[in-house]
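To keep things clear, I will list the structure first and then write my remarks on it.
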Amino acid sequence: MSNTIGNKLKLTIFGQSHAPCVGAVIEGLPAGMAIDTDRVRAFMARRAPGGELSTARREADEIRIVAGLNEAGRTCGAPLCAVIENADARPGDYEALRDLPRPGHADYTAWVKFGGRNDVRGGGQFSGRLTAPLCFAGALCLQFLEEQGVHIAARIASVADVDDAPAGIPDEALLRYLSASPFPTLDAAAGEAMRRRIAAARDAGDSVGGVLEVFALGVPAGLGDPMFDGMENALAAAAFGIPGVRGVEFGEGFRAARMRGSEHNDAFRVSDGRVVTATDRHGGILGGITSGMPIVMRLALKPTPSIALEQDTVSLSGMENARLRVEGRHDPCIAPRAVPCAEAVMALVLADKILQGR
Amino acid sequence: MSNTIGNKLKLTIFGQSHAPCVGAVIEGLPAGMAIDTDRVRAFMARRAPGGELSTARREADEIRIVAGLNEAGRTCGAPLCAVIENADARPGDYEALRDLPRPGHADYTAWVKFGGRNDVRGGGQFSGRLTAPLCFAGALCLQFLEEQGVHIAARIASVADVDDAPAGIPDEALLRYLSASPFPTLDAAAGEAMRRRIAAARDAGDSVGGVLEVFALGVPAGLGDPMFDGMENALAAAAFGIPGVRGVEFGEGFRAARMRGSEHNDAFRVSDGRVVTATDRHGGILGGITSGMPIVMRLALKPTPSIALEQDTVSLSGMENARLRVEGRHDPCIAPRAVPCAEAVMALVLADKILQGR
Amino acid sequence: MSNTIGNKLKLTIFGQSHAPCVGAVIEGLPAGMAIDTDRVRAFMARRAPGGELSTARREADEIRIVAGLNEAGRTCGAPLCAVIENADARPGDYEALRDLPRPGHADYTAWVKFGGRNDVRGGGQFSGRLTAPLCFAGALCLQFLEEQGVHIAARIASVADVDDAPAGIPDEALLRYLSASPFPTLDAAAGEAMRRRIAAARDAGDSVGGVLEVFALGVPAGLGDPMFDGMENALAAAAFGIPGVRGVEFGEGFRAARMRGSEHNDAFRVSDGRVVTATDRHGGILGGITSGMPIVMRLALKPTPSIALEQDTVSLSGMENARLRVEGRHDPCIAPRAVPCAEAVMALVLADKILQGR
Amino acid sequence: MSNTIGNKLKLTIFGQSHAPCVGAVIEGLPAGMAIDTDRVRAFMARRAPGGELSTARREADEIRIVAGLNEAGRTCGAPLCAVIENADARPGDYEALRDLPRPGHADYTAWVKFGGRNDVRGGGQFSGRLTAPLCFAGALCLQFLEEQGVHIAARIASVADVDDAPAGIPDEALLRYLSASPFPTLDAAAGEAMRRRIAAARDAGDSVGGVLEVFALGVPAGLGDPMFDGMENALAAAAFGIPGVRGVEFGEGFRAARMRGSEHNDAFRVSDGRVVTATDRHGGILGGITSGMPIVMRLALKPTPSIALEQDTVSLSGMENARLRVEGRHDPCIAPRAVPCAEAVMALVLADKILQGR
């Protein structure tokens, strides 16, 4: 079903932008986990709106765990359900939203699919607001993974035409650095240039896209299955659940298509009695199965479709051409706030695969 | 499970490169279909080895349908099972294969996962040979889709550094042209240059990668579901089942990350009483749901990991560094033979979503 | 996963007896449904505690729908989430509960499974309290089914040694009669005798079991699939989700095992231009597929394991024999309050199969 | 999907009575298993037709494993596919079969479901013939389970009005005795009486039903999950895949509904430092989770619907009443040949749950 993902660890997300709540049901966490709520809150705060480059909507994102804990506040083996109130939901002119689909949004396709009964308020179930419960679930998985020695962090690899510096093979220090950074890039100057691109787009009533790169270290070799249930299949299926993702690649990704085999193959080497590869162009996955090397995934995010400029659209009631100006303030670039979403997706899939075992 | 995909239309693939057979079980095809075996054969022939740019292995790919047809030879509602004998499987020095994992292959990761019990002959279950049953299933779905007015074709968008011409919004004529072409590109000169790159790599004992682009026309609006069960999620999860795929993107894909919202948004227009978009940068999918515009998916294929050049690897038995020269002849570029595989993946997912309904 | 069921209509139940809430996420309801809250409440009230023959726990069962409705209060295609506060949860002596597993309950098996971390308060996730969200989901499905012309009702077929009268082929009038009855039996005298058995058991500090029989009328022929996805498979898999169910049978069920084929086969007849059967010993299902005749399912419910009599058990901490007296008041017979649960299970599975289509 | 079952161990069955083949794909067996083909053959022979009380159809049931083994003949982690040729399939008058549905069979419901395109030859995909691949898969699981210390055997608990003696708590010796018996009952005289009932039914052109009881010993405590994924749910969902099953019960089953709690609860006791129950009325499952005590499941089998007596049916082409005499010889009682099927179902589910882990 559309809002459920995972196998041994299963996540179901519910809610719409202006429903009373958004939330998540998480089945399969090991019993006995003590949830570090400070870290959960800190992780979710990275996704929350705020700052000059993001939307003006304010949400406290107070999590209420309504099921799944025992009397000692530890996971008890039952599904964990967390509910987040939509405090700042506001009424509005819904009829206009129903009639004039916003370009680049799901308004039109949802209108077709649900026969005009979909929730149009703030994008309904297609809203970025639903990444709040995604990040909550991701925070729990990150905690579980840390106990397994797995660490995850993402960076903003590019915004518009500005690229961050190449990463090389990521290590723990890099991941700690990225996790602590409010706008995670390797090259501070590149980060500064990216911010300028975002500000310029905002000032022009426009938006820009970007690329995120997620790293996972300490993943044991042998996770994932051949063919349709490999790590890439599972990661991609989850990553396209983040609104705005248009492409997913692993290791060298699309760059691999321009390389020769002799350039792209990673040599196996023995190091400290373990098999490693000298380079990590394969991004930690061979044949759908982890190699023990760092996992590297990149996500392409489209420019925010909500822009202040007037656009061509149609009137669905009149079935005729129309013009539309999208009201309200919106993130001029999704990439910064999507960083924890990308980490959450990686965490969910790795936790699921670890719980499935080899 | 790893070898099964789909929901209402479910495909299970079995076999290994040197097992007695490869094959497929397909559940969910409508009862009453008369299978056009000539077209199935023609479609599968495009994947089969042959030609100066591909491996020397010869497989007749004779399909035996052992279940799923009634006495009139039509689908009967029961799972359809097709078996393809591995005629040209040859014995070899399996111990060496077990000991020295080939760089870029799943040999090492499978060794970890299956504790050294995996079938190493010819890559076992990770072999490109398993795309034969994938294409068989795809051929049946293509026939079903044609009855629904849906057409699918793919082209080779790039090989190494050679790009085909831009496609614009694809139409029926383009798809017919591509389907009839043995090396489908829009620009014949680009196709010729690609072939030269492949030949040069082969002569150098090396290989090259490429990008495939798949188009689907006539897809009704409203297919696919929000969040984790959207068209992109399902297509990507299936596409990463093709050996060698390292990236999947839709519409503008990674290029979208470099665009502004005003450049990337597709304006809605009314045309002949229907809602269309003036451009198709969204690749026919918005919010995981089809818009009725052509679907556009691109797959990045890595260079064939089997190369004739000597490479660094390890001895798993001795846990020490070693050298390896991969014997035998191999496709110096996967892209040409992967064209029907990409079409098959698109066909499987679209047939499944159509059978699921809106 | 354990708390999720269904395919096209998917239900996930969460909560524990003494967690802050119990609730349900329902994916796949058609968009545009206006929920008849009065009928939902009336249906759920049949399950709620109350009356002299049931537990003293008082729960208002106020439903809060936190997601899945549009601004007009209709289903919008997004997952519907309903939350029910556990108003009457009380603290207690949990250490004793952890140490002395109650005979006939899941205390011991949950202790093994969850390593002693399970929620023991009031039976935790194994509590009958979780049938509240099950009935909520069932009430929505019943409303959907009614719009499809499908009607469902259950009766108490037996309690202890008292059997209700045989039902014959059920009709609409019978179903209306049962739905309106607080203690649904065909034979009022039998119902009276059952109540006496329950009261006698209660007075003896003991409990009794019973059998429920669920009928569904107006189910179209052709639903369900062969072998592992037939109607019986799906209904049984759901029915065993009701705490205390020990057996499930269809049509003549176990009685069929004592019959001859000539007695058991139902003759096909043409009636009003439709194919019917003269009798309904097959309970509306042949080969896993509905025949269009009334569906008949019976569920065996064990006697409530919580009894006031002192029982033998073990101390898990000391790994030694012990004695236990279960405190509190409990339903001396599950059957009466399980009537809507049985109807809910039938409704969930039929709605799912109808949404899946033939 | 209808022909697939299981989670970590997944079985897909294909074939029809008169298709070229029946067979199975089994995903998830551990890599490295050496298949004991003699025992597989012996197990399957118990299901095969033969003997004076069964059908005259002769099938050698030669298994060909076409995928899933490595060069040493051991499982390799890839899906295992086995194909069984339908040697004795015979052409016949299919038009009559399409027109006159046999009472008690799936002919009519399949005609509705598949629009008359289903395979009618010998019952098509509804044929008992498909229990051959079920038993093959079961035989592999039994071998896996034996390595885990789990043993399974079934007995014929009743035929028509003849009951076998009560079993008490089953032990290893009982299971060995049953496994070695061609007509497994505890009481030889009861077995003899059952055979007489079957012979009498056969001589009268009629058939009889029966009940099977399956035992599993050595199952670790803690397998299975709460609510919808408990052991009963999974076992029942699989058991109803055997043609002719009309009821499934565990432990005391329907008898529990007539008992008091004080009679039905099993006291916990410490024995040899382990927790056991003094009796096994719960049939080894509490709250969906195994207790470590023997699992006890009973299946009600209806009398074979194919009888020699003339019966009332309808002509689907003329939509009018008709008479039908079912030709050919058939098993007058399914129970004896269903014994290994019941064991196979138990083995499949237990192997799946063990592979899923606690």
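Each chain carries a letter (A, B, C and D) given by its place in the written order, and its residues are counted from 1.
What we mean here is this: contacts are C-beta pairs under 8 Å (C-beta built on N, C-alpha and C of every residue); 3 or more make two chains touch, one makes a residue touch a chain.
Keep in mind that what you see is a predicted model, and the values were worked out from it rather than measured.
Trainee: In how few steps can one go from subunit A to subunit D if every step must land on a touching chain?
Mentor: The fewest touching-chain steps linking subunit A to subunit D number 1.
Trainee: Measuring between Cα centroids, what's the chain most distant from subunit A?
Mentor: It is D.
Trainee: Take the average of all CA coordinates in subunit B, do the same for subunit C, and state the distance between these two points in whole angstrom.
Mentor: The mean C-alpha positions of subunit B and subunit C differ by 46 Å.
Trainee: In whole angstrom, what separates the CA-based centres of subunit A and subunit B?
Mentor: 26
Trainee: What whole-number Å value describes the gap between the mean CA coordinates of subunit B and subunit D?
Mentor: Once rounded, the distance between the two centres reads 39 Å.
Trainee: Quick check on subunit C: which residues sit in contact with 2+ other chains?
Mentor: Residues 1-4, 13, 78, 110, 113, 125, 226 of subunit C touch two or more partner chains.
Trainee: For the complex, give me every residue of subunit D touching subunit A.
Mentor: My answer: residues 8, 78, 226, 356-357.
Trainee: Over in the complex, which subunit C residues touch subunit D? Could you list them?
Mentor: It comes out as residues 1-5, 13, 101, 103-106, 108-110, 112-113, 125-126, 130, 158, 160-161, 201, 206-211, 221-222, 224-230, 232-234, 236-238, 240-241, 243, 245-254, 256-270, 273, 275, 277-278, 282-283, 285-292, 300-307, 309, 311-314, 316, 319-321, 358.
Trainee: Could you pull out which subunit D residues touch subunit B in their complex?
Mentor: My answer: residues 1-4, 10, 12-16, 18-23, 25, 27-28, 31-32, 64-71, 74-81, 83, 91, 94, 110, 113-115, 117-121, 124-125.
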